[in-house]
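Mind having a look at this structure? Questions to follow.
Labels A, B, C, D, E and F are assigned to the chains in the order they are written; within every chain, residues are numbered from 1.
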Amino acid sequence: MYVQRAMLSGIIRSALTKNRGLWLPSQVMVRTMSSSSGPTSPYTTLSISRPTERVTHVELHRPEKRNAMNKAFWSEMVDCFNEIAADPECRVVVVSGAGKIFTAGIDLMDMASNLLQPEGDDTARVSWNLRKTITKYQETFSVIEKCSKPVVVAVHGACIGGGVDLITACDIRLCTQDAWFQIKEVDIGIAADVGTLHRLPKVIGSRSLVNELALTARKMYADEAKSSGLVSRVFADKETMMAGALEMAGEIAARSPVAVQGTKINLVYARDHSVAEGLDYIATWNMSMLQTQDVMKSAQAAMERKSPKTVAFSKL
Amino acid sequence: MYVQRAMLSGIIRSALTKNRGLWLPSQVMVRTMSSSSGPTSPYTTLSISRPTERVTHVELHRPEKRNAMNKAFWSEMVDCFNEIAADPECRVVVVSGAGKIFTAGIDLMDMASNLLQPEGDDTARVSWNLRKTITKYQETFSVIEKCSKPVVVAVHGACIGGGVDLITACDIRLCTQDAWFQIKEVDIGIAADVGTLHRLPKVIGSRSLVNELALTARKMYADEAKSSGLVSRVFADKETMMAGALEMAGEIAARSPVAVQGTKINLVYARDHSVAEGLDYIATWNMSMLQTQDVMKSAQAAMERKSPKTVAFSKL
Amino acid sequence: MYVQRAMLSGIIRSALTKNRGLWLPSQVMVRTMSSSSGPTSPYTTLSISRPTERVTHVELHRPEKRNAMNKAFWSEMVDCFNEIAADPECRVVVVSGAGKIFTAGIDLMDMASNLLQPEGDDTARVSWNLRKTITKYQETFSVIEKCSKPVVVAVHGACIGGGVDLITACDIRLCTQDAWFQIKEVDIGIAADVGTLHRLPKVIGSRSLVNELALTARKMYADEAKSSGLVSRVFADKETMMAGALEMAGEIAARSPVAVQGTKINLVYARDHSVAEGLDYIATWNMSMLQTQDVMKSAQAAMERKSPKTVAFSKL
Amino acid sequence: MYVQRAMLSGIIRSALTKNRGLWLPSQVMVRTMSSSSGPTSPYTTLSISRPTERVTHVELHRPEKRNAMNKAFWSEMVDCFNEIAADPECRVVVVSGAGKIFTAGIDLMDMASNLLQPEGDDTARVSWNLRKTITKYQETFSVIEKCSKPVVVAVHGACIGGGVDLITACDIRLCTQDAWFQIKEVDIGIAADVGTLHRLPKVIGSRSLVNELALTARKMYADEAKSSGLVSRVFADKETMMAGALEMAGEIAARSPVAVQGTKINLVYARDHSVAEGLDYIATWNMSMLQTQDVMKSAQAAMERKSPKTVAFSKL
Amino acid sequence: MYVQRAMLSGIIRSALTKNRGLWLPSQVMVRTMSSSSGPTSPYTTLSISRPTERVTHVELHRPEKRNAMNKAFWSEMVDCFNEIAADPECRVVVVSGAGKIFTAGIDLMDMASNLLQPEGDDTARVSWNLRKTITKYQETFSVIEKCSKPVVVAVHGACIGGGVDLITACDIRLCTQDAWFQIKEVDIGIAADVGTLHRLPKVIGSRSLVNELALTARKMYADEAKSSGLVSRVFADKETMMAGALEMAGEIAARSPVAVQGTKINLVYARDHSVAEGLDYIATWNMSMLQTQDVMKSAQAAMERKSPKTVAFSKL
Amino acid sequence: MYVQRAMLSGIIRSALTKNRGLWLPSQVMVRTMSSSSGPTSPYTTLSISRPTERVTHVELHRPEKRNAMNKAFWSEMVDCFNEIAADPECRVVVVSGAGKIFTAGIDLMDMASNLLQPEGDDTARVSWNLRKTITKYQETFSVIEKCSKPVVVAVHGACIGGGVDLITACDIRLCTQDAWFQIKEVDIGIAADVGTLHRLPKVIGSRSLVNELALTARKMYADEAKSSGLVSRVFADKETMMAGALEMAGEIAARSPVAVQGTKINLVYARDHSVAEGLDYIATWNMSMLQTQDVMKSAQAAMERKSPKTVAFSKL
């Protein structure tokens, strides 16, 4: 272990003096065009805003570090989505990145001690502690899936490593024409363990492509992301994408939250169960959920050819 | 509950006087170009014919109601496919819609009392009865999947709400250039509970698209249906599509029913099991099914470069 | 049973005199352009070579029989991949076919006695023996999946019947512009039982297409193979494809074998489990695998902007 | 096949002339002490009565044939339990056997043609038909499990073959001191295929005992049935057992049907799922079922130290 | 809903004036013989002590309320076991109850508002909130199972309702001769939804007994608890039981925590998976855990015939 | 790692000089009363005999080492049971131990280098190799389960550690009055990883007992083994047990091998699947297996009141 720590010191020192890196965030970075002026308290890596009454916007916000995922990020995401899950005002979430790119992925500088110098008196105890750490980091993205409110993610520029783990846990993926995606983990000697390997194959339809991306760490650009089904829409630039994302979020937010959140919960359930199991579950789910006044309100609006946006649904 | 019933009455009255609707079938409708003159006895919503010896054609047949799914439909489908499953003459099924569109989905006028005024002395008992109703309606489309004969569905015009539930339970999907698809349930305040949420993600390869369609209720047109894999072929118009569907049905019907129906059964099984489980199952399946004379007959035809259509297989 | 054997004799005799066949390998065939001069000992149907230090090339090598899968093939594949799995030098495998096409599929002439004349004193005992045979043949392709080293398959010309079973068990699929694919089993009266029905639906995103291919036995050409996601790249001809396959294999081989093989193992695991199960498994997997020196070596190379190809990883 | 039919004829003729049998019902049998005078219309093998307002008593009633399960029985059970499931008056079911023993199991004389002379032009088609028959017969006992009302079964004397399949599908098992149980199938050359092999291991705690019983066909007497957990109570004789069964049924029937039937449904679900899956399911179940007035009524009775039998619950 | 609240008020008032109850804790109660003088801060319902260096004793401690489970209890258990899980000093947990009995189960007085007056603007929203509550309460006992340290529970006197949910989530169950167990939920109109229905059938071997207990709410005494396998030991009185529990805890605590906690984790995993899945998981688990110095230390002690209690294992 | 190897050397040296051990086999041991004079070629740790025509007797045969499981044993078991599985003469297997006890479990002296000094350049590679070793050792007992012939195991004296792993993989367990069982792994610092933790909970009915045995390593004697259901019969001494085991084996061997082996295969399948899955599988299994002449032969024998031992079934 001693050798490893010495080697690590060298790497860190070298990085600090060179002050740059491929997927590690550079130390100096021009000011970003982020729409908000900085992370909202109490978060240091996320900026939370409420563009419309029912939509929450979560912005990865360390633009000077290319939104690299540092220690704070991994726990702030959990707090943030737990709050969102409990917030009766919020019906839909939009996630995007501040600055030049969506995210450079894990901030290895900041995370190195956790991942590369785990504590423990022997191999078993080091392993025990590593497992706890991995499990905790998995939760960072699983909270997105566990949150019953739909999450639309809008990607511009690079989406690297942990970024792919993040977006595969979201419900709807959009990107700009200049976006690219890279499963980076194999390049630093690890099998991706916080979600990409598990969710990506259930997110896109070509297993050959999944394997190629995960094993070669090659970049995938917007067109292939669209044709493979990773994203469902590509926009010319970030501005039009954000407008599109918010419009889509608005469409969803206008509908009955009982219907919308029940749909998300059952779609996630369906992914991990047989069709028969899924049908049984939703029958049990809907035996109460159909008894909502939202059905009447929605039906009436439809009959009267009004937009669902005109209907006032109770909070959920 | 009282309020709801009052509100419902209002909706119904309003609908009756206005005599039209977006996805509710309008009361008056021009005569359709349906190939058959009307539903075959004993069905009031389905027209059954036998275009060729081994192919059964099931036509949704309430053209004046845009093939909306009324109470009769939900049970007639079960009877119809149970009959087909037991009919040794039939080897393949083609499903299509009479009139201007494939189907407008559930006939809310006719179904309202079932879904919106369930009986029961308290919430638990209302829920209990609703669950029975949902489970029964799920069977309407699950019979398609349980029928071991392949089902080719041909969609023209609109395929809305329950229509998507129906077609995702079929084996092969074709459509015309003017077809469009809409998961409508969220627009009336419910999470789709008769199959779409469970089968669609296993039918097409883009989860982002599935989620977008289910959460926004936006329309998807033929081109996107083709590129996303929902349909495997798009035809210029209904006539060429029906010709194509029947030709494809003929190709399948010409092959050994032991092979064809075993293939369907094992494909459905494979969807809901691990690869290892699926392989174990088909080994157990084929230990008897390989002992069919169809293998010899098929092999001989292949050797002699004859079409399988020339081979006479025993009934199954 | 007697009738069947007599019929079989007739078929075989007829085939021998006519000396040709659609998907049965013809008896006479012009010399192939196979890159190697013949199967490497100890295999009679496979030619094994080592194009680069860490890449093993497995070539289906019965070019005069269009690489039809005879009895020897089914067991040689098992031996071959078990050897590869145990070979610490090999990090990636490339599979291709010698001669004019990738493979004509099962060699019915050679296999007929096994499949069509199974032994047994009564139907139950015949079935028992057939099940053993099927299970054994399934292993022929499952070894590819069980081998923790990634397998890139490169298809040119025809890939018929058993060929589709083979390639769906590989990790990455490439093909030439002239390649075509055909699930042939239904044409000889059997439900495909060595993998296609189980793996193909999890390999491509359109279930309608899977069903159509399996039920009609129609050919699918390179463009549709690409757009449906069966292959992730199409090349102009075999030569450029082989170059591309080896380059991709080189990229993978250059990375940490701990990361690469852990990625494959967990991707296969993820396919057959829920996301939650997969995440739990990889946390347990990586609690030890993260303790590899490869992480340090890889990180250092990345920091210094060196290619992973410059890093010397220990054997695995 | 010809040989088999000839052999069968011999067996049947021999049986008819000898007019007796070990587990096949003898043709002549003294009058039984069955409590009811005969099967209630419309059943020929079952006698249905209503000993108390909310308890349905289903009696196997072919005492002169030792309640052997003939063709009629296998379908009457399905009709009977479907009726019971739909009957809002019935809250609990008691099953017992008329005459000297509980049941001699399958009536081979009557069933022989179905099981031993299945139709079909070749082995595959015979197999196909056999599978349909087995699946249909499995339903005969699965309806007991699918019926949400608890089923108490009371066994006296012999419970052989199909009888064990039947009782393992019930919820609570009682027996008399003279009862014995025998998994008979292996003695006639078949692996038990209508439930015993699947339910018994989940019903009792000793797998060694399950295997021994299934593989040797030895008899198990009341004491071992009690100590192994097959039955939860042993009574001195049939009369006291029936009194005990009805008392227990009365206890269950006195409680809230929402609670009781929800308990059965979730216990069956729990058996076939992980604990986490089961907890998720019952949370989804109870989110509506807790909204029953039965909770208030039950709580009030408990507070006032009244028996639940004094509470009037709405029908379910 | 108004009626229900009125009814509830009546019940509560009635209970307060009568000042007693069957399974609701009475308001006045003689002083208990609890070994500790009161709950340890910060808990109001639990008293935590450390009888030996490595054993934590959790005592249900509302003796004047017969350890009824009030609102505080349901969340304190979660905090308590999360703390224990993270405490490196603790290797084993013993759970028991202060005062006259183990626990009277849920404290309906305190919980009524949560369970019986859930908030929500319509049935769907009430259901939504109830589901959240149920899920939260399930966690109260699931934390016991998720805590990797073995939990020995020692029951004296009554163990009612929620008490059975609690003990079935523990690893080892002991009781006194005067103990009795009662699944009480059906008596208040609900299907038990926090664990009993899911864990009990996997804890004892007789399904008939499980069903009888859950459907009739009858009491089970110590002897039947022992013969059915619910408890593995019965002691004469509480004092000897507590001595026995601590001795057993000491035996476990003396062994390698890597081995002990790995055993618990894999036993829980095995319960919910097939044997093959379980074997795969533990192979992946032990590939690192076998690399503990504890193996050497344990082996050396065994060679030298020393007790494992003499070995100093590192903390985990 | 250096320290560990040094420590190991010490342990081994110490053991060699002291020449004894609790559960490690002592070096000198009096001659045993094994019925056979020594291991049958080609095995060095197993003695194979054929007491009757259809029964194979596998005797653990290193009596001077208390049948401790050395390196040879772990692979010989695999060869032995693969041979038995393929031997058409053998219908049932009996396993017992030569000498004074059934088995002392793993031979740590012989196995130490494999388990305690695994090779590998870093922790990940050591782990990789350990996983391969564990997986290989798991197969040693899984072959018993995969062999379709029933295996009766007869235990006398001690059955320690690996012995419990072995017997839980057998179908029927018998023991002598002086037998005792001990899950020993936790005493040497490891979580049992070759089957006990996975099979024992599905073999006996008391989870509390399973946990207690696995976590405390206490001995369980014959009476508790019987009452808990681990064994289904206890005999006075080894001689009567062996007679009983052979008689039971004879009973099983006399029955149709199609029925017997189908029963075993489906019982193992049922353990790891839901009831519905198990029923589906056996319907698919029996659709061919019912077409055996054994049914006729068995039925005829039953009709004529002849013992199944008089029937000549074809080999399987």
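What we mean here is this: contacts are C-beta pairs under 8 Å (C-beta built on N, C-alpha and C of every residue); 3 or more make two chains touch, one makes a residue touch a chain.
Not measured: the values here are computed from a predicted model.
K.L.:
Weigh A-E against E-F on C-beta contact pairs and write down the one with more.
P.N.:
Output for the comparison: E-F.
K.L.:
Answer with same or different: of all residue numbers used at the interface between chain C and chain F, are over half used by both copies?
P.N.:
same
K.L.:
For chain D and chain E, let me know how many angstrom lie between their CA-based centres, rounded off.
P.N.:
From the centre of chain D to the centre of chain E is 35 Å.
K.L.:
Could you list which residues of chain A touch at least two other chains?
P.N.:
In chain A, residues 123, 126-128, 202, 204-206, 227-229, 258, 271, 284-285, 287-294 touch at least two other chains, as defined above.
K.L.:
Of all residues in chain B, which touch chain A in the complex?
P.N.:
4, 7-8, 10-11, 14-15, 18, 21-24, 108, 115-116, 118, 123, 126-128, 130-131, 134-135, 138, 142, 145, 185-195, 197-199, 201-202, 204-212, 214-218, 227-229, 271-273
K.L.:
Spell out the residues on chain B that touch chain C in their complex, using ranges where they run on.
P.N.:
Chain B reaches chain C through residues 150, 171-173, 202-206, 227-232, 248, 251-252, 255-256, 258-260, 262-267, 270-271, 274-276, 278-279, 282-300, 302-305, 308.
K.L.:
So in the complex, the part of chain D that touches chain A is made up of which residues?
P.N.:
Those in contact with chain A are residues 281, 284-285, 287-288, 291.
K.L.:
Okay, in this complex, where on chain C does chain F touch?
P.N.:
121-125, 127-128, 258, 288-294, 314-316
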